[in-house]
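Heads up, the next two complexes both have chain A, just with different partners, chain B and then chain C.
Here is the complex of A and B:
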């Protein structure tokens, strides 16, 4: 199961992913027309790209009064029937990441659909902060990293 | 064409009227955007001889043509007005996120005229623009002002001035958010003279793309080009600080107000160690693929807890070399400049000048009130605050080195400026190159950012007796890949002798950088090395559907450069103004001094390449004809 993984240590906040996404999805340039939100935190010096995590039990699905959000059986993605969206934005608030966003052109709330398995943002990310990889593999990498750090920390104390 | 060009928003602070007009497509074809639009608007709308700090001055912000697209490094916005420091074309370029907001609000340029009766700030939200009272912000430093305005106007990008701009310090900057800024030529004082504290812009409109597939193709190509540049890896790691070590080695820094060439412990102060010790994550401007900036933090000592974005070569050289401060004090100095809104280069220049006057006995304890010395951070910061607040001796220094030198006898020898603007960190006595000639020919005075050899090779420092050549230092593949018309390339670069012809290359480099400033991309070396007019033309065609090729772009850029020259001549630029401070011709560094006659000969060649008359300084009639600059009113 491949998903987008982000390394916030590397992300420098350039916003290329957003513009490429907005061009693909909306046919126009604008960071907020994209399915990615970048939170640039100057206090911590961190840039955090936020996008749909395709939860296995998505709160947005529960909260959609129109019943438009569903889990796709084949891909296990969280998808929606955008054409019938009333734009109440309940799903946006229900999402723990607020990763659903209002598309100002169609006036429907939308989320990342991984571009049908070929996410453009990953292709254009200049810093290599975004990766399209198997989610268990990504988690495993992270575990290795954390374990390594802990071992390093422990060895320093010896 | 798609919905490009956008509109020009015109705000008159005197009459409180706000209007917008569509930009004529012809104007875009001729001037592109960014500095091109600025130049044309300033030439047409500032009356000749206007007081830079008076009501007649016009301040323009213009985002480059490609700003708002993911084309690599397309983030830059030009700000221009008549400069209070030089009395001529004042202009400065800044990145970050202001440009994309201005663009997506629907505007290519924002024109600010007149003077508000009371402190005011401007809020632009797409079609809605308002002039609001800024009484509660006046006197506040920049970071605090940004905090307040970000809360009031969520999501807006803010251009603002600090106390230095309010106090009309002639080298005050306009800050771009907390950490970036339009630094040079004193535009902050222009904003201050208009009683304008800040401009907050938020845009929520998309910009249409003429041909999405072709545009994304151009973006990909641009990214690959920059990533293949020889300096790319070094720049992603250390940013502009890369230049600091070679310049120290060549004894070509501004050490102690241009008296020393370099400092004994320069290796530890001025370069990569700073990033290694204080830097952390990288940070990019909009659409940048280099991300040369870093977050930097001081963890212990006197300045513990201080955090800034971006350690750049300019503060490191201005405060580290010119004033002789240590690394942590350099970071503190950057913070002061950002918080209070002054240009780092000029601030460092003025401090170095004052310290040298003090050491020479021209300034006395009575004038200053405390002791001054190179390397003394506390005294330097005390003096800097006096300049910002125009207190005591600071009131004279706030006028810039050229004007301040007129107040003291024998002081002009120590005032290091060209055409009234303080020279940045490069000492031409230590290393003569296209870059240093650029300080003389620059349309904004003593400055390093409008002319640099696109294939600058910092490994070498070969001295040419005639000042005409510098070493190329690369092999043939680099020559072949350089995006330059073949005829010009063979004139500017002599592969056999491995040399670059400085006057020819200067013209090309100035036009190329001017093109970058018009389309809104950055002049970092990896970009200059690889991104030429061909790929930019491809991106422009795909984005706005305009029929334009590489030669058209270079012609447009040359047109803008000539127009700015005409502006400067109209505002009284003297024919012999292009000269270095006396010190460079009369005092040695490491056995080197400049030969004035030889430099004049290089300038002569440069004028020929430009098609300008050396006697009057004016572009010749056939140059103006060729560039179709015949529609000017005066």
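Here is the complex of A and C:
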């Protein structure tokens, strides 16, 4: 099972991931359409990319008043029937990672779907801060120490 | 194994779906008063407003039930439960069960006052209600009750071009969710939308010859052709009471942490139960979609032999009024009555927020103008995070870098 991991020590917040994502997913070239969001912390000069963690028991699914969020059996991803979304934003509040985003044009709330197994943000990250890794292989100690994996582990505890 | 579910709402359908995760084969029978398939009550105001078509409020087709192997007994009022003999009665037939899940939900309250049955009185609970309201061609509307349903209904009919007024008995709008200051912001948003807001007024009667002509309050007469009752909802517990199951002090079916009623083999979930509030640990009626689904998921799992405990309910209500997002999470001062509450608040032209804490523990949050950071605060309230702990994380570079999703909430602390 492959997931995106981040090495926050390397991420310099350039924002290319957001642009590539917005182009791929919404046909726009603007960070507000991106399913990956760089949280910028001016206080500490931090840049941390955030995206859907595909929680095993996703709170967004429970909160969705249209019952349109589901766990895909095969991929274990958290996916949506976006066309049925009424934009109530309950899933945004339910998401502990703030990783559900309102698409400003379709007015549907969306989340990262790993681009069907070929995440464009990872492919184009100039700094190499994003990786697409098999999390079952992640016993590899060094990798586990990257923040991305800490994030993934946090999400599995939910 | 045969499981009977009473109710075709959020709770009943979640229970059925969750049972299927444990057993693809066991027999599931679902009873409901209405003939149609599951719909989202939360989407009704959007359909009433005309933002979405009515058919979009339906979440399932009848074929979906078949596919989930749920046998439907729709249009079937359950008349009696015989808990000692493990069976129920509906339409002259008896149905035995190994396990019963009661998900009978709630109904809008219409107070027994003069004129409340005249033509032109409505509630908003089902897609059918929207059709009835629209067929009536509402022009001048009074919405009774300024809870979230009342406020959304008022906004919806305003969008249809109606003249709309709201009458609320308590002193401010959404009194169970917001405190006075935040409610006043919402009030001025409603007034900007040209909705008349009258608080601290009690409805005395509805007047009219053949149909609604005016609504009389203890302070004035409001000319209108339509009255919409949004003065709260009441759990449907008559069936459970008759069966001898215990009804709690707030009028909801009493359940334990495992969603079990006071008799073996019987579970209950959704609007019909009272459950413990995650903040105070005291009984409360949650009456929310997410609570119904969460409780139903647990009831189903536990009826399939698991033993998952309910963590307790925590309210989240989001509205958008005049394009401005408004959110209330956890409890307001009224809900925290009896506790010493610390209030942190900030006010600017287009943002107002307040954070409530009891013994340093974050207990409530209200914000008009933004949803940023609200998901973090919701997580903190559910987890019982204290203000000092939140500040410690938010001000520590090492911690915040691995929990960067909290960054947006820093401004509130």
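The working rule: the second predicted complex is superposed on the first by the 136 of 158 C-alpha atoms of A that agree within 3 Å, B and C clash if a C-alpha of one lies under 4 Å from a C-alpha of the other, contacts with A are read in each partner's own complex, and residues count from 1 in each chain.
In the analysis below, a residue touches a chain if its C-beta (ideal position, glycine included) is under 8 Å from a C-beta of that chain, and two chains touch if they have at least 3 such contacts.
Model, not experiment: these values are computed from the prediction.
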{"item": "Simultaneous placement of chain C and chain B on chain A, clash or fit", "value": "fit"}
{"item": "Partner chain(s) touched by A:96 [first = chain B, second = chain C, both, neither]", "value": "second"}
{"item": "Touched partner set for A:1, first chain B, second chain C, both or neither", "value": "neither"}
{"item": "Touched partner set for A:126, first chain B, second chain C, both or neither", "value": "first"}
{"item": "Partner chain in contact with A:33 - chain B first, chain C second, else both or neither", "value": "first"}
{"item": "Chain B versus chain C as contact partner of A:19, first or second or both or neither", "value": "first"}
{"item": "Per-pair minimum CA distance [chain C against chain B, superposed on A] in Å", "value": "8"}
{"item": "Common interface positions of chain A, toward chain B and toward chain C", "value": "46"}
{"item": "Residue ranges of chain C in contact with chain A within the complex", "value": "13, 38, 40, 42-43, 46, 51-52, 56, 59, 289-290, 293-294, 297, 316, 318, 325, 327, 329, 371, 374-376, 378-379, 395, 397, 400-405, 407-408, 410"}
{"item": "Touching residues on chain A, where the partner in the complex is chain B", "value": "9-10, 12-16, 19-20, 22-24, 26-33, 42, 45-47, 104-105, 120, 124, 126-127"}
{"item": "Partner chain C, residues of chain A touching it in the complex", "value": "8, 39-41, 43-44, 46, 48, 50, 62-63, 65-67, 84, 86, 88-90, 92-99, 147, 150-151, 154"}
{"item": "Parts of chain B lying in touch with chain A, wherever the complex brings them together", "value": "68-70, 72, 100, 104, 178-179, 203-209, 212, 215-216, 219-220, 223, 227, 280-289, 291, 295, 307, 309"}
